[in-house]
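Presented below are the structures under discussion, each in the form of structure tokens.
First chain A sits with chain B, and in the next complex the same chain sits with chain C.
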Partner chain A sequence: MADKSLHVMLMYVISHLGLIFFMYPGNVISSTEQGHWLPVLVGVVIHFIFITIYMKGLSYFPKKDIIRIYAGIGKGTAIFFIAPVFLYFSMILLITLRAYAEIITIVFLSNTPLWAIMLLLISISTYIAAKGVETIFRTGLLLSLLFLPIIIFIFFTSFQNVDWRYMVPLDADLGFIIKRTYLESFFAFSGGFLFLGFVQPYFSYDRKYVLWAAAFLIPFFLFSVYIPVLTFGQATSATTFLPYVVAVDAININWLMFDRVTMFFLLSLISFIMLYLALVSWKAIRILSHYLPSIKPVKLLLALSAAVYISCFFIPDWKDVEKLFWWNTFLRFYILIAVPFSIFFFGRRMKRKGKDETI
Partner chain B sequence: MKPFNVKSKAPITVCLLLAVMTLTGCWDIRDINHRTLPVVLGISTVEDDQYKVFLKIPEPVEGSLEVKIVSGTGETISHAVDVISRNMETSVDLLHVKVIMIERKTAEKGMKDIIAGFMRSREVSPKALVTICDQNLDEFFSILSESKDLRGTNMFDYFEKNAGWNPEIALTRIWEVYRSIHSYTRDVAIPLIVTGETTTYEQVGSAVIKNGKMVEQISNDETLLFNAFNNEGTHGQIEVLNHASVMIIGNSMDHQTDLTDKQPILQSRINLKVVVLETRGKTSSDMIKKELSHLLTDRFSSMLAKLQESEADILGLGQLYRTKIDRKELKNWRSIYYPNLKSDIQFHIDVQNEGYLRTT
Partner chain C sequence: MDRFINEIKAELGNNGDFHLQRDYLADAAVMLLGFNTLIDFIKTRVVLHKHAESILLQNQPSGDLWRAIGEVIEGDVRKAISSIYEGKLIIHFENTARFIIMEPVPAMLDRSIDSPTNENVIQGALDSFTEGIDTNIGMVRKLVNSDEIRIDSFTAGRSRKNKLSLLYIDGQADADLVNSIRDHIEKNIQIEACDLQGLAKMLGFPSWSAISKFNTTELPHHAVQNLKKGKVILFVDRLPFALILPNLLWDMFAVENDRNFPLPIMLAIRAIRIIGILITLITPGLYVALVSVNPEVLQIQLALSVAQSREGVPYPALVEIIFMLLILELILEASVRLPKSIGPTITMVGGIILGQAAVEAKLVSNLLIIILAATTIANSTIVGFQNSVSIRLFKYAIVLLAAIFGILGLVAGLVFVGAYLASLNTYGKSYLYLNLKGNESNGG
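What follows is the complex of A and B.
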């Protein structure tokens, strides 16, 4: 079991970056009128609490992924936890594929039909997923070498048009907590972290590095929301669908040979999303093949991808994507809370009993 | 070497083939030689609320660029562009539009929909500059098409910071106009352009835009102050005084704000660094300082009075009061607070150098 902390760290960073910059700023901006730092902070703190608990729980079960942990405890637990996780993964695949295809058509490929974009996204990510976890992580390293510099460069240049006086008023209230858009914004926090429990039998990682990666993401969470607010003001950025993308569109750099940096920014993020989709499909297949060991994983994967691709056609327009997104929010919170706590709880119980469970 | 196993490689081969199909990224592709890429888009309204759209298209002719001007009318701007596109042998692509020119009477009627349309469709970059034509657009473009020294991009060069721009020209982009439509505390100024006598263009001042409507006009000199307030840089501006002319080479400012009984009080201090260029008669640097600060203070207060009357906050003074006013109240900044604003502005002038000659 090789130590792959760097790969895990990079994977953690890029799968979150792909999720942060699109819908998250819009959701947070429309959840409150002022003091956006509080919703971001609350999200980040919850994120930290749950990944710490999750990793602590996982550390009680070295060399085991969460499927085997749950399966080892009993049939009831497996149904209670693994079935929702699988459902959640399928929902993520469906929603992410559909939503990002739509975003691509909105932002640049306005003439291209949705089915072609979705086909591109799903076929590439299925191919990567079919190659297994090693390939996913190696691709992650490659993509971060290629695109992280671009993302970071554009992130810094997007400060170009900010007017810091839009930061005030700073005082915030907690009214956003129950807002639908705020609850939806948690997809950026809960989408990526589950993979930590799936890679364990393949390689190990240092928990410290994952926390560093999560800390590295904090400025991105904060400024993805604040850059549109500081550039346009809250009232204006609340009228936009993808506030951060619009703010990036307003960047004007004379010496850069490219007129629209948005294109590079988006393409980099889309590549991260493809990898994210690959990772999620791989996790879903791990669950499926644990229960259907007789069928080859590749076949399961193709079946799953085809099912997801076909289901995408049953979502007629953006309103329905949003509806699905909202329904998925309940499942998301269940996953976000139940999985880390249960793993932690089972781990503690096992340790107290002091016996090594056999599977 | 293992023999190539078709069966095991089949899924991957299919995936790759599908990827090849879509990876080209081309859909309904139009080659660049079948596209028309206009640089300037002019918009005016004709009767029945129809838009008349003018496009200024650079055309490469035997090694040099010439300009073609086409126009079309339609219910919406995109419809008008479509009409042009229909009648042309190539398709019109607004991706590279650099300057949007709006006729004055259209701007006075309101251009909320036009700006929101540009922001929504993304066809035109939100970075494109906005100008207002203080002339009939038909006339403007017909004079332009007869002009000899008209090159493909010269209108863009006029505004380009590293070409023809100078600090008396407001640089306002589509996204800034869009921001001003929804923002509580900020409006914009847009340059007013006409065709010139000896130069191609002439700036006659700037239009003050409030909520997407042109409500007031300020002069070129006043635009300088607008730029100074927005930190656009006033470098190179020449001010003519009674006894001398100076060049401003740097500016900085700080403000003190105070709010008592819904009356904002603003104390600002603007520091200018100047270089003396020409003098007339007997002058001393104290005299120059005094004259310059007097000139600018007068200019500033008359401009502010004019702006307060039209309730358009192009200097973004409301931004300074964001800490002091509750957000709910901030919505009323323009109507309740801003007209009552009392300002005390002081110009502090440093004469950086006097050139090769001494002034006494």
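What follows is the complex of A and C.
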């Protein structure tokens, strides 16, 4: 089996980068008044703990994806774990598509109707998903070659207007943990990691590299929150809708002939989001086609995409997107906690059983 | 006249170039039969007579002579006729049913080895493949000089038999790839494969793929380097180039001849080609997006100067750019069709009249002319004509998306093109591989 650590690593970075810079900073900034490093740190630590457990658990089942792992254990387990995962994927598709289309119309393209933007996003991601997992990962490689340099360049230039004195209130309390916005910020942590359990039948990867990729993301998590704070101060940035985007909008690079660097930054991230949507649709289709083997996966994919697209029209405005986002948070924590632990638990149990049998 | 001759005459007599000549070889009266367009009769007869003389001088029986000059066959008229069609000489013994199929001195129908016409080489070997398949294989053999080269030959087609040869280096080429190609050829041996579409059909490639599965080259040196890298070469008789399989993305940027330059220069040249493909894909779309959908992205002075250059142009940017791109495609296509002596005229007409006059007549903006020139020039930096044609096609998809969605459409187009390229593969070998031999995490 091919070792594709590089691809998995890139995909991990790409799908998280697409999620970090939009809602996450706003959520964290509004969850606490000072010492933003603590909420970020708590998130990152939880993220690390769960991916480590998840990957350790998965390593007990080489060449199996989580669908087959759960299905192998029993029908009840399958329903108990896979059904929420599928629901979660559909919710992610719906929310991401709707939310990002809204962001695109807010930041630029104010004249283009929402349905056209959503149609573009969903059709491209459906196309990629239809071509299968290898294509998704290879596209990830090409896109990261094209767009990652832009993102990193703009990320560094976003320090342009930073005033380090805003950093001063360093003390923090843990009051943020129960805040709604903080819990919502886990969107950025829990969105991307599940794919590690889906690619195993196709190719293997080194767990070390995934941890490196997660470590690579830490500065992005931290500074996506801190750059708006350092640019505008906590009080101002808490009032903005997408704080990081506004902070990037304030950058001025004379030699670049473009006035709005944000545009390129956002578009690079949106290209990653298209790929992320493709990955999530692919995962959802893997689950569906496991239980409906008689229908062609492509048909299932088209049906799913159409359903997601149509459902988007039932969300009238941003308030409802936020409501959905909040509802999804419960599901998200269920997935974040239940899936890694259960895989780990089943893996341990299977290993012990295997040992007993050999004795 | 005996029956044998009559039968052949009935079949071939209405061919103007069918040649029938009486002759004496050793002590036998024979008839020489063949096409004088395929056989150099005078030289062949000289060779025959010299041969006969030397045998007779050694006092050997004439039977030895017959066996020395070719295959002696009794009776089979059909075989004689098909051999004549293949360009062989038939020596028939009068009043018997015996004949000899001889390999004659062929008439010179192939051009000699020439310098390449469609690929330019700077500081490198200047020979190129010709139409004759044997010459091409010979050139490769001369360059490889190894006992590991393998050559499989096939004759394909139903009515018109065409020769195909598959070359690879044993141990270097991927066995799965070689086997799949060979299996496909053997399975579809009756398909006429004298052009690339036929060949693609024979090898089971999808016919709607925008990127050719074959990488073509005229240069033996380039072909041999690819062989050594583990790729497979396919020669088709009457096609003056080698088909390299699989075609990879990196082949758009790299030529073997680059290695004749110092390493930093080689890297710079390849970087230029990568920039070339990006400019080709992005600039027309970017123009449309910036002019018609997202002008606020530009700094205000720049936006004003763009607007000023478009002053008086009566239609939207999309129509303007499609109109000019179409004219450019026409010029390109025309300059391929035209004889070499008229080609420069067209370039001049295109350059002066279309460039200057179109701007002055306010048909298009100044800026657009610059962008189109940049696009066309950048497009030509891509290695291989086939590759540059594919990229030319993708440009239009991006322009259309950019006209609707602005810069978002441009990015979506790039993602789409990226995904399309990523989805291509040849018998399981991804289009994005960097090299075939290295470990798999190396490329795509």
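A few points about this structure:
Following the convention adopted for this analysis, the second predicted complex is superposed on the first by the 354 of 359 C-alpha atoms of A that agree within 3 Å, B and C clash if a C-alpha of one lies under 4 Å from a C-alpha of the other, contacts with A are read in each partner's own complex, and residues count from 1 in each chain.
We take it that a contact is a pair of C-beta atoms (placed from the backbone, for glycine too) under 8 Å apart; a residue touches a chain by one contact, two chains touch by 3 or more.
Everything numeric here is computed off the predicted structure, so don't read it as measured data.
When both complexes are overlaid on chain A, the residue A:Ser268 reaches chain C alone and has no touch with chain B. Looking at the shared chain after the overlay, A:Gln34 reaches chain B, while chain C stays out of its contact range.
Using the contact criterion defined above for the overlaid structures, shared-chain residue A:Arg260 touches chain B and also reaches chain C. Shared-chain residue A:Tyr202: touches no atom of chain B or chain C. Of the two partner chains placed by superposition, A:Phe48 touches none, neither chain B nor chain C.
When the shared chain is aligned, chain C comes close enough to touch A:Leu142, but chain B does not. By the document's definition of touching, neither partner reaches A:Tyr334: not chain B, not chain C. In the superposition on chain A, A:Ala116 makes contact with both chain B and chain C. By the touch criterion defined above, A:Tyr127 lies against chain B and chain C together after alignment on the C-alpha atoms of chain A.
On chain A, the surface touched by chain B in one complex and the surface touched by chain C in the other have residues 108-109, 112, 116-117, 120, 124, 127, 259-260 in common.
Across the interface of their complex, chain B is touched by residues 33-34, 106-113, 116-117, 119-120, 123-124, 126-127, 130, 163, 165-166, 168-169, 231-233, 235-236, 239-240, 246, 249-252, 254, 259-260, 298, 302 of chain A. On the side of chain A, the complex with chain C involves touching residues 2-7, 104, 108-109, 112, 116-117, 120-121, 124, 127-128, 131-132, 134-135, 138-139, 141-143, 146, 257-260, 263-264, 267-268, 270-271, 274-275, 278. Residues 293-294, 296-300, 302, 401, 404-412, 414-416, 418-419, 421-423, 430, 432, 439-441, 444 of chain C are the ones that touch chain A when the two sit in their complex.
Those residues of chain B that touch chain A in the shared complex are 11-12, 15-16, 18-19, 22-23, 25, 27-28, 96, 119, 122, 125-127, 161-162, 173, 175, 178-179, 181-186, 316, 319-320, 322-323, 326-327.
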